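In what follows, chain A forms one complex with chain B and a second complex with chain C.
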Partner chain A sequence: MRNTSRKERLSNVTGIYEFIIGLFIIIGSLLSLIATIGAIRLPDVYTRNHAIAKATTLGVMMILLGALIYFMVFESHFNSRLLLAILFIFMTAPISGHLIGRAAYHSGVKMAESSVTDDLGRDLQKKEKSKSRNL
Partner chain B sequence: MVDTFLYIALFAISIAMSGLIYRVVKGPSVPDRVIALDGLGINLVAVVALLSILLRTSVFLDIILLIGILAFIGTVAFAKYLEKGEIIKRDRNL
Partner chain C sequence: MAFQMLLNIFLAFTYMFMKTNFTLGSFVVGYFWGFVFLFIFRKLFNTRFYFHPVYATFKLMLLFLKALVQSTFGVVMLIVKPKLDIKPGIFALPIELRKDWEILLLSSLISLTPGTLTVQVSEDNSVLYIHAINIDDVKEEIDGIKNSFEKAILEVSR
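Now for the complex of A and B:
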């Protein structure tokens, strides 16, 4: 009895839930597409890293959130591993982007011609100079 | 209605992944290729999530966490290799 009434209540709002899930999924996939456009068109490795690390992470998090809502509403099954995956991607994707950008700078990948400042290079030079003066 | 959204999203993500494959193939430096491979791994997570909605099953959801962890470990190892020239230090008195 209680089960059928819940199902009836659910059927009234099914369209709204479907719309919300679809909105999450579409926005997430479009963000991934925009990240790829950035990866193709931007001039050097640092700007490409900036595009991919941010936009892809947000897009995938939105798609996983849509999947979480789908399984919660339509299959009535809360999947905690999906929530854990969202948190994990949110924590680790910026870290891997940072590590790759750092490795690219220290392995000597050049910046684009149009970039104007290089504060990290200036600071590294200053550090090198003070170290040689102390010796 | 969800299925239509799912097909559109899968189409968009497949275009995104082929663009990243272009960057993997062409990318002038090694960090370019590593970044693009990391992005491919994260997009693969999205593909698995969309397919598990499409097939109406929740048994593939463990794979999402697994691919996320593997992509992170691979990227960290490659970044350390590029920066230091070795992944695990041989010095025992670290």
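Now for the complex of A and C:
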């Protein structure tokens, strides 16, 4: 180990960084692919929403993180805009999932055949009933 | 909490003026001594010492990240399994949180836990309606998780 030149050791370190960056980007793109498969396979809007809202969030975040590390190591340029993008996606993705689910429910989209319980429908019906009784 | 933080920054500036040394280093040193000073006089404020909420926020962020990774792998396993044997459904969860931002935080946390997605908040802010992808094996476990989330959020805002 003592005989290795400085250049060789540096290339070893870059190898590790390359491995980490590759891992991040491959896992991110695989997650996006699996989310797409989920959108095709799952039975209704709500379950598809699960797959898209979660897997894509982490997938895009990991791809962006890989890009951030790449430019930090190989171009020695810290791009704070990528960090901001990660933060914004992290904050907005669950809310968009919530809004899509809510809009679907209120425009009367049926849940899948295999659904078991529906507490929201029950409570909404109860409210309707009490309102009509008051009138 | 914000008042204590402002007071700490003010003490750091006072330290810088006394040293006549206007660098980041002296600001950090002044902030540290101001922190110690505020800790000694913490009984004089009627709110908690401001390090507690800051620490709780940090812990909440870690919890958020962990929930995201767990939920993603849970959903991925569900999709990749050759046979789809899921039982989706919507269940109601009564909550104790009342402020708007607390409910927002809790509902996004629930959206990012394994197999659950918030569908609606009731009009009087007392019940969350949650769509679960696999209701029977998830329900009890999720109640536990939610208790921990709710507790963590209460810890921040108390």
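Heads up, the rule we're going with is that the second predicted complex is superposed on the first by the 120 of 135 C-alpha atoms of A that agree within 3 Å, B and C clash if a C-alpha of one lies under 4 Å from a C-alpha of the other, contacts with A are read in each partner's own complex, and residues count from 1 in each chain.
Please note the rule applied: a residue touches a chain if its C-beta (ideal position, glycine included) is under 8 Å from a C-beta of that chain, and two chains touch if they have at least 3 such contacts.
No experiment lies behind these values; they were computed from the predicted model shown.
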| item | value |
| --- | --- |
| First (chain B), second (chain C), both or neither touched by A:N79 | first |
| Partner chain in contact with A:I37 - chain B first, chain C second, else both or neither | both |
| First, second, both or neither for A:L58, with chain B first and chain C second | second |
| Partner chain in contact with A:L87 - chain B first, chain C second, else both or neither | neither |
| Partner chain(s) touched by A:S29 [first = chain B, second = chain C, both, neither] | first |
| Touched partner set for A:V109, first chain B, second chain C, both or neither | first |
| More chain A residues in contact [chain B versus chain C] | B |
| Touching partner for A:T47 - first (chain B), second (chain C), both, neither | second |
| Set intersection of chain A contacts, chain C complex versus chain B complex | 35, 37, 49, 53, 57, 95, 97, 101-102 |
| Parts of chain C lying in touch with chain A, wherever the complex brings them together | 68-69, 71-72, 75-76, 78-80, 84, 86-92, 107-108, 111-112, 115, 117-120, 122, 127, 129, 131, 133, 135-136 |
| For the chain A and chain B complex, residues of the former touching the latter | 15, 18-19, 21-22, 25-26, 28-30, 32-33, 35-37, 39-40, 45, 48-49, 52-53, 56-57, 59-60, 63-64, 66-67, 70-71, 75, 77, 79, 81-82, 84-85, 88-89, 92-93, 95-97, 99-104, 106-107, 109 |
| Chain A to chain C touching residues, read off their complex | 31, 34-35, 37-38, 41-44, 46-47, 49-51, 53-55, 57-58, 90-91, 94-95, 97-98, 101-102, 105, 111-112, 114-121, 123 |
| Residue ranges of chain B in contact with chain A within the complex | 1-2, 4-6, 8-10, 12-13, 15-17, 19-20, 22-23, 29-32, 34-36, 38-39, 42-43, 45-46, 49-50, 52-53, 56, 58, 61-62, 64-65, 68-69, 71-72, 75-76, 78-80, 82-83 |
